[in-house]
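Chain IDs A, B and C follow the sequence of writing; residue 1 opens each chain.
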């Protein structure tokens, strides 16, 4: 029983990370129609930034919170720069140019990481406040994983509220549904696209900070998480935040329990699940079918 | 075209072939190595050209076929199977995988197609990476022993040249066949194609099968060349190599992918002679090309070549180079069953 | 006279919107049927249902006695029903010759053939069609370089390449300048008379319809409100109210 609970919590923690990454990706695609393949590499970069911040602030007992406050805005800034200088120029050119540009970006980010941090892996500790386990009704929970899940739920709520209750959220939804119409109505597209990409980058930063104590930070981190995030996006439906949330939970759980069955093949189960979903719902669970 | 020009063309082709055949006598060992890698990369890119250029689709999972070819050839050879049998089985295995990926992926919008082929490709990568008992996992499948006559580097070069040359020739013939015409029709206008009686889905799956077949040949060659095969060959970044080669060369031109592969291989080789951070500069080059020539370097290059090759006497004889179509932004969503 | 096309109580709804409502229509072999009506009346949707781009929500469609409801578009083309599109669809990167060749190869069921060339027989057929549509001089020109009127001819040629028994033309002269229209209409009329192909024509320019159609059907909010000879339709009060009347104010 303990094992099941442990895997459940672990699965939900994975789901949080997947949701943070997938929602940024799906938002960027839904609104700007850009497939940012460098999403994973940016996550790896954020992971290394988290590591460095945690080392620099190590003297302070509040190092984790410092990391939490500094890294997401830093990623937001990086995202803004990337959007302004690079992505903006290729919006009209189509998917080929997007792949070319974003793969080039991956190469650049990977080598920048190598340049600054070398090729070894880095690790971040679980902050002292959250080390250990809680006992509730005789069941053991990993405290830190619960914290991560808590953050995930909080962020998901804020995102969904923002999308459905604020003016910017309305513009986002309108642009995602009908871009021509919304631009004809005078929506400031460049600002909207920049906002969306920046938010996505900040979410990457948040995801990296939260999960760095649970993962090994190295260069392969980028690809691994990109595959999983894309599967979540496809299963949830391109452009849907709620879909990303639901799919993230399902995929996180499949991973967590798949590990019990065949440790190395959890990704196989995940992708097979995706193929199954697509056979019956070609546009994903919450995707738009014309 | 007058007979003199025709003779000139023929002469130029023969000269080109002679140069290619004669390379082992002029190149250093290191350069000959590079030439073989270039041939393999060129075939890999051209095979993707079937899917992306002629077929108008996108795929980031092409490395799956390359690696299925490589592992099949390597495993069979290690199991004592005859070389020619291994060489035949590899592309057939890859083609079967091509059918499967095509079946799952075609008739979707570009965005979904891209993500799906990406995920399926990574699935293959994960299987090869994790199935240590079969593939050796990260340590690789080593000890692949090609037959004795392939051991000398020049022999391997000529073998690769012949195999790649024939493969690309066959690909060109397929481009010119009724299938090729109908596939390009599907690319240009799926609606017009299907309304004219073309079974669009079947044609697109066939494109995947053919592309996978030749990628499998490239993979098998690579396995014999290195006497080893690693899961990295199945990684999506290897698929991206071919994708980028197709785009840079210009997907609309039949030999665009080859041009792109050559450019990128030379660029990569050149950069790595000066710095260990070759991805930094390669990535920067790719970003630059995306910003400056998003439809590929091929078309303007081709117009130049066409002008030299077939100078027009009057404006109406201007050599026609297909205008870049450019793939639409992933605007459209899943279509209703058509 | 036998019936080429039988549309029986066909409806098509998209979610809550009923685009085509209980439409029954019969087209006799070798005749020309004109389909008119205001924008959004459901004419193109009806075409889409007939040619397999949409599945009918209810009702049946039969061509030459054979049921075709629910078949895919390529299967329907192979049964001898070909169409053109309201938003012109051709193969822009290919030459005029190649465009028509694609149509011919498809009709000969040769699209799976991966080796070999177009071949003499097919080439002759392509040239035949190019002559029929007066495009022989433009054979080697990439379609992307052609103006609209010629592109329309190319699409017509591609549709004819399949040797159809029923031809569905969706606004064949839409978007053309007034002076350009008569030539294309004349061409369509000539081809129709020569080959006897059953033709259904959607058109906004009603003068075109009066000139070429044997029968006319009027569609309004997805329903047929009138059907008959051109004279009958022109005299029909309801049609005048709903559609033709607008012409007087134009």
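Methods note: a residue touches a chain if its C-beta (ideal position, glycine included) is under 8 Å from a C-beta of that chain, and two chains touch if they have at least 3 such contacts.
Predicted, not measured: the structure shown is a model, and the values here were computed from it.
**Q** Report the chain whose mean Cα position is at the greatest distance from that of chain C.
**A** Farthest by centroid: A.
**Q** If you count the contact pairs for each chain pair, which pair has the most?
**A** Greatest number of C-beta pairs in contact occurs for A-B.
**Q** How many angstrom lie between the CA centroids of chain A and chain C, rounded to a whole number?
**A** Centres of chain A and chain C (C-alpha means) sit 50 Å apart.
**Q** Provide the C-alpha centroid distance between chain B and chain C, rounded to the nearest whole angstrom.
**A** 40
**Q** With centres defined as the mean C-alpha position, give me the chain A-chain B separation in Å.
**A** 32
**Q** For chain B, jot down the residues that touch at least 2 other chains.
**A** 336
**Q** Quick one: in the complex, what on chain C touches chain B?
**A** Within the complex, chain C touches chain B at residues 51-55, 72-74, 77-78, 82-83, 85, 89-95, 98-99, 101-103, 105-107, 110-118, 140, 142, 144, 155, 158-159, 161-162.
**Q** Show which residues of chain B lie in contact with chain C when the two form their complex.
**A** It is residues 173-174, 176-182, 184-185, 187-189, 191-200, 202-203, 206, 210, 252, 320, 322-323, 325, 336-338 of chain B that touch chain C.
**Q** Would you tell me which residues of chain A are touching chain B in their complex?
**A** Touching chain B from chain A are residues 29, 33, 35, 86, 89-97, 99-101, 103-112, 114-115, 179, 223, 227, 230-231, 233-234, 238, 264-265, 267-268, 271-272, 274-275, 278-279, 282-283, 287-290.
**Q** Using the touch definition from the top, list the residues of chain B that touch chain A in their complex.
**A** Residues 58, 60, 104, 108, 110-112, 114-116, 118-120, 122-123, 126-127, 129-131, 235-237, 240, 243-244, 247-248, 251, 277-280, 282-287, 289-291, 294-295, 326-336 of chain B touch chain A in their complex.
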